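The two complexes that follow have subunit A in common; it is paired with subunit B in the first and with subunit C in the second.
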Partner chain A sequence: MANDEQTAAAETSAVAFVGRSKIDWTGYAFVAAFAVPFLLFNVAPVLFGIYVGFTDWAIIGEPNWIGLDNYREALHDTWFKQAFVNVLLYALLVVPGVVVLGLSFALFVNRSWPLSGLARTILFTPNVVSATVIGLVWVWVLDTQFGLLNHYLGWFGIGPIPWLTSANWSLIGVSIASIWWDLGLGFVLFLAALQDVPKDLYEAASIDGAGFIRQQFAITLPHIRPTISMVVTLQIISTMRIFSQVYVMTNGGPAGSSASVIFTIYQSAIVRNMLGYASACSVLLFLAVLAVTLLQRLVLREVAHA
Partner chain B sequence: MSELRLSRRSALAGAAALGAGVLARPAIVRAAPKEIVHWSWLAASDGEVWQKCIDAFNAAHTDVQIRMELVPEEQYTTKVLAAAATGRAPDFGWGTAGVRAKMAKDGVVVPLDDLAKAVGLDIADFDPFSIKAARYPKYGNGLFLVPMDLMSLQPEVNTDHVKEAGLDPDKFPADGAGLLDWAKAMTKSEGGKVTRSGIMMTGSGVQPTVTWGIVSAQMGFMRASDDFKTAAVNPKAGIAAMEWVLALFDTHKVSTRDVTDRYKAFGNGQGSIFWTGPWTLNGYVAQKLPFKTNLFPQIGSKRVTYFEEGGLELYQQKDKGRYEATMTAVKWLSDNSKLWTTVGRGASPRKSILSLPDYKTAGNDWSVRGAFVDGMAFATEGEIPVLAGPDFTIYSGGNFLAKTLETVWAGKAKPEEAMAQITEKWQKGLDAG
Partner chain C sequence: MCFVLAWAGPFLWMVSTSFKLPSQVMTRDIEWIPRTFTLQNYVAVLKYPIATWALNSIIAATIATGLCIAASALAGYALARLRFPGRKLIFMIFLASLMIPPEIGVVPLLIGMIRMDWASTYQGLILPTVANVLGVYIFRQFFLTFPRELEEAAIVDGAGPLRIFWSIALPLARSPAIAATVIVFTLNWNNFLWPLLITFDEDMKTLPVGIAAFAPVVGTHTQMEGYAVAMAAVTLLCIPSVALFLLLQRYFIAGLSAGGLKG
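Take a look at the complex of A and B:
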């Protein structure tokens, strides 16, 4: 009987609580401090961009709904298709370059060999310099006639190579600068991961007779696999969005051979004021990045399971 | 000691009151301007001279002041459009004649005929060609720009290279054959590779595009018919001009594709003949480059070169009362544009300024400046004033034309294929209005 009364009282209390709408707004207020700007300045523009992709909007005037016309035009646009191929080629060059070099340098620094402290600083420095500065420096380094790189290659009887002025080389030239710029982040992440690998595993492996190379394949790589996966993912996304280096170093040329998708989007939106078309291209790029990232994570997961 | 306790309710109420206070702030009403906002994309040595012109206006006026803001050239149109869409466009800005057809159609730039009359701007004092170039025949033929300077592309020649080759700096060739002879005499090569271009060129971007534009026009090619109905008139001449440019690299070997920055390369002595505009003068004079400017030679059947007209345009305002004050300021800047058209950039479009006795002696030496003034007589290859105008521009490094031509320079497409693409795209552009 007493229990029944208590239960009834509790139910009455709960109903009364809801009836009075006693919602604690404090939590909402704290969340709103982040959520409102995020919704206004991140989510809303993305949604607006998706909408604009279905219109012929050019900033002035009302957007006219044109359905999938922009997407059709993009898929038939030779320059846009070439830009997509270019970013895939960039990814094929830059991602392995950053992973292999970043990991190699991290291994070197992690061993605390002489000059490794200095190397740590030097290797990360490019990452804090703006892409524009990197671009300008590398335009000079890669100059066909007076560039530093061709000068040194000349000692070995190579060149001169038209790194930025030939349609066959410009993508490679921009990739070299990108690897140099992006290397720092990959290097730091790999270094942090390497420092988390238990030292006693190496000692045990050493006692068992495993050499340096064997230790890396049997201990290091399995331990830092999640970091490799993360660096590859971040680098793929970063490379597919490559812009500043292209803009500064080659302006997408010659003949569109180094143009990236973002560069093409910039040209459409900012130079030609085709906001609708540029938005459609952006959505296509987003879908491509999403697909490549999912595929890459799937492959790495399969490899790990195997 | 009393303790201040802030309840959640009072804190939220206070925040709401503060927010409401901010939102309820009375809207700023723009009255007749005390301050006129001007956007400019002039950022090099010409920008410094323009700043002096603005400073001179501000010093001469106490009731109205001009506030100048720099906007990157490539983003200029987009930013003006965005500002106009939100009703906050600058009062006036720098424009290029013939490339704003869409803005004229959309009413972003304001027609100036009546305003010019109202403030007493003497249109008859302007070169008629400059006024014609500032109109859009397809959009009411209104005047949409007050011409400030006329620019043409003329060859600057490194006089040290000329002397070294045993040539006479005062006898610059007037035809295509002579030009190639000079170029060959001044070119330097090493192992079959050009290390110093007789004719300064790049493998992509503006320089080969504008060269093709000039040479094709000289050979009889027209980007659009006079009535703007037919694109690419006389395509064979356009193809021949592409072959002429290709021959500079591959047959005559007087140019290299390996130059990345043409301005810097000519300044460093990597090239001997460089056709460019008067905006380069101050820089090269300051670095004491030994050079002389000449008239563009006649390569085809008629002598023509590239023409560009800079000027001031007014942008749409909610408060129409601002137009007259802005136009008065623009009139003052035009009437007092001697500094701009002697030291700043191109030739003056004003007859009264051109006829000033010291016009030739003011500014840079006539040996480097004169060709840009005298050469205006045959500088007629300007913009196509239609909606798709930017696709037709020959002075561009990244528009449709430049990108299509780059496939030819890079050997990825034949001239005939490129011409077919150009014709198709341009015709669509003309059909669009």
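Take a look at the complex of A and C:
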């Protein structure tokens, strides 16, 4: 928060300084360099997409206004409903996975000095590679017969689990790969937050006889609560929009068991040529992401005040 | 630490598999070190138009990132240092746009591109990825804390905003420029959905989209080639972004933690 004050102070001083003379019309030209592509390629398509959602547009021909028909159809479409349930399940698996593992790793790296640099590199690297790498590597790691994971699970008498070839497991298989991919960002944000927790609080607590676990619950968690909330929000947004892993690893299958909402949007638009319907589905997805995000904020706040 | 090492497992396994003879890939026991080292999988990858895909990826990611950084530096500077009505509002709109999933606009954008005959072209591939708000955010944050004495002297000398930006502000903005460049470049390099939609010709595909066809469920390459060749292909694919990350790790992490923003 100190950062905000600094920023605000710098802002006022900059205004006071430049503002002595007049309005800087050049400012608009500078901003336009970014705003023009932004409006053309980011904003306009979204606005047009919302409109298309109310039409029966296919690539050929003109769009006809059909009101809420696409939305009605979506709510009765079993594929779309399954995909909706699937992204909620993805969020239920991936978000806690990233938060719990990311936080545990951050606590570990924050404590032990010698190899923490190496650990940070290892944990963050998956974050910088493309979905194609994640997808192909994990299809191989999760291979039922010869995969790495089943081999080591076999040591404990588990398996072999048909991770990507069974409708019961495919969503879990894709989630494991997604946690591996996404963990880095949450981990880095947690680590930065942990370094801001005052060290003397821990000293005082250990003098009072609080053990490591007690200290984490009494000191660390309350201090980094805003970061947890931010990581959860970012992760919900990106997980509910999951697409490329699904496309590469399972192509939505078997039998739609791992299909995500964007995957069904992709299929409606590209394969089935139903643009209006696809647009309506993406608006529904946006509303769902917004609702889940707001709900999560509310719940985390309640927990904090309880 | 064991868990941390396990995190590197899939990468090591990928590299290890890529050097194995295809006949030694499917083994009952896990062999981390290939029995026979071979480069034949990499040679097999070259049978596909991988050089063309790589060239497309390099052209698209470089131009898109260059344009994004230039536009972001100008806009970020103006939003932080120049005084004009509406600049707060403009920045709020940029930030708010991060909330809206681009997928809503993807279909209309694709139609627009097809109608303009820009499908499977570089401009169609590049232009929609230019306006990445993350760039503006990083530059604005940096210029807000920029010491104003440096600008004052130039103003006294009668220099205009463009002169000041070009000869004073920009040369000092090295670290935000590097941070924004590595992050935006990596995002562009890895971009998947848009290149998948806009490229209809095999020759215009980018590396991530082209190589995705090595996946057993998506394409036909792996059914013929097996995991060894697929792993060689993805090893090649991740070299640039991983190398960039290892070299400039500091900037990556600083840039990302600054906003807690991604994409």
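One rule holds in what follows: the second predicted complex is superposed on the first by the 278 of 306 C-alpha atoms of A that agree within 3 Å, B and C clash if a C-alpha of one lies under 4 Å from a C-alpha of the other, contacts with A are read in each partner's own complex, and residues count from 1 in each chain.
Assume a residue touches a chain if its C-beta (ideal position, glycine included) is under 8 Å from a C-beta of that chain, and two chains touch if they have at least 3 such contacts.
Bear in mind the structure is a predicted one, so any value in this text is a computation, not a measurement.
Clashing of subunit B with subunit C is the outcome of superposition onto subunit A. With both structures placed on the common chain, the touch criterion links A:79 to subunit B but leaves subunit C unconnected.
Contact with both subunit B and subunit C is seen for A:139 once the two complexes are overlaid on the shared chain. Touch criterion not met for A:288: it reaches neither subunit B nor subunit C. In the superposed pair of complexes, A:35 makes contact with subunit C only, with no contact to subunit B. When the two structures are aligned on the shared chain, A:25 is found in touch with subunit B and with subunit C. In the superposition on chain A, A:167 contacts subunit B only, with no contact to subunit C. In the superposition on chain A, A:251 makes contact with both subunit B and subunit C.
In the superposition on chain A, A:59 makes contact with both subunit B and subunit C. Judged by the touch definition given at the top, the superposed model places A:267 against subunit B, while subunit C stays out of reach. Ranking subunit B and subunit C by residues of subunit A touched puts C first.
Of all the stretches 77-85, 221-229, 365-373 or 419-427 given for subunit B, the clashing one with respect to subunit C is 77-85. Common to the subunit B and subunit C interfaces on subunit A are residues 25-26, 59, 139, 143, 145, 251, 253, 269-270. Here subunit A touches subunit B in the complex through residues 25-26, 29, 58-61, 79, 139, 143-145, 160, 162, 164-167, 251-257, 267, 269-273, going by the rule given at the top.
Interface of subunit A with subunit C (complex): residues 6-7, 10-11, 13-15, 17-19, 23-28, 30-31, 33-35, 37-38, 40-50, 52, 59, 105, 108-109, 112, 115, 119-126, 128-133, 135-141, 143, 145-146, 148, 151-152, 180, 183, 185, 188-189, 192, 227, 230-231, 234, 237-238, 241, 243-244, 247-251, 253, 262, 265-266, 269-270, 275, 278-279, 282-283, 285-286, 289-290.
Residue ranges of subunit C in contact with subunit A, taken from their complex: 1, 3-5, 7-11, 13-14, 17, 25-30, 67, 70-72, 74-75, 77-85, 87, 90, 94, 97, 99-112, 114, 127-128, 130-131, 133, 135-136, 141, 144-146, 148, 151-152, 160-162, 165, 186, 189-193, 196-197, 207-209, 211-212, 214-218, 227, 230-231, 233-234, 237-238, 241-242, 244-246, 249, 252-253, 256-257, 260, 262-263. Touching subunit A in their complex are the following residues of subunit B: 8, 12, 74-75, 77-78, 81-82, 84-85, 102-103, 106, 108, 193, 195, 202-205, 256-261, 270, 390, 397-399, 403, 406-407, 409-412.
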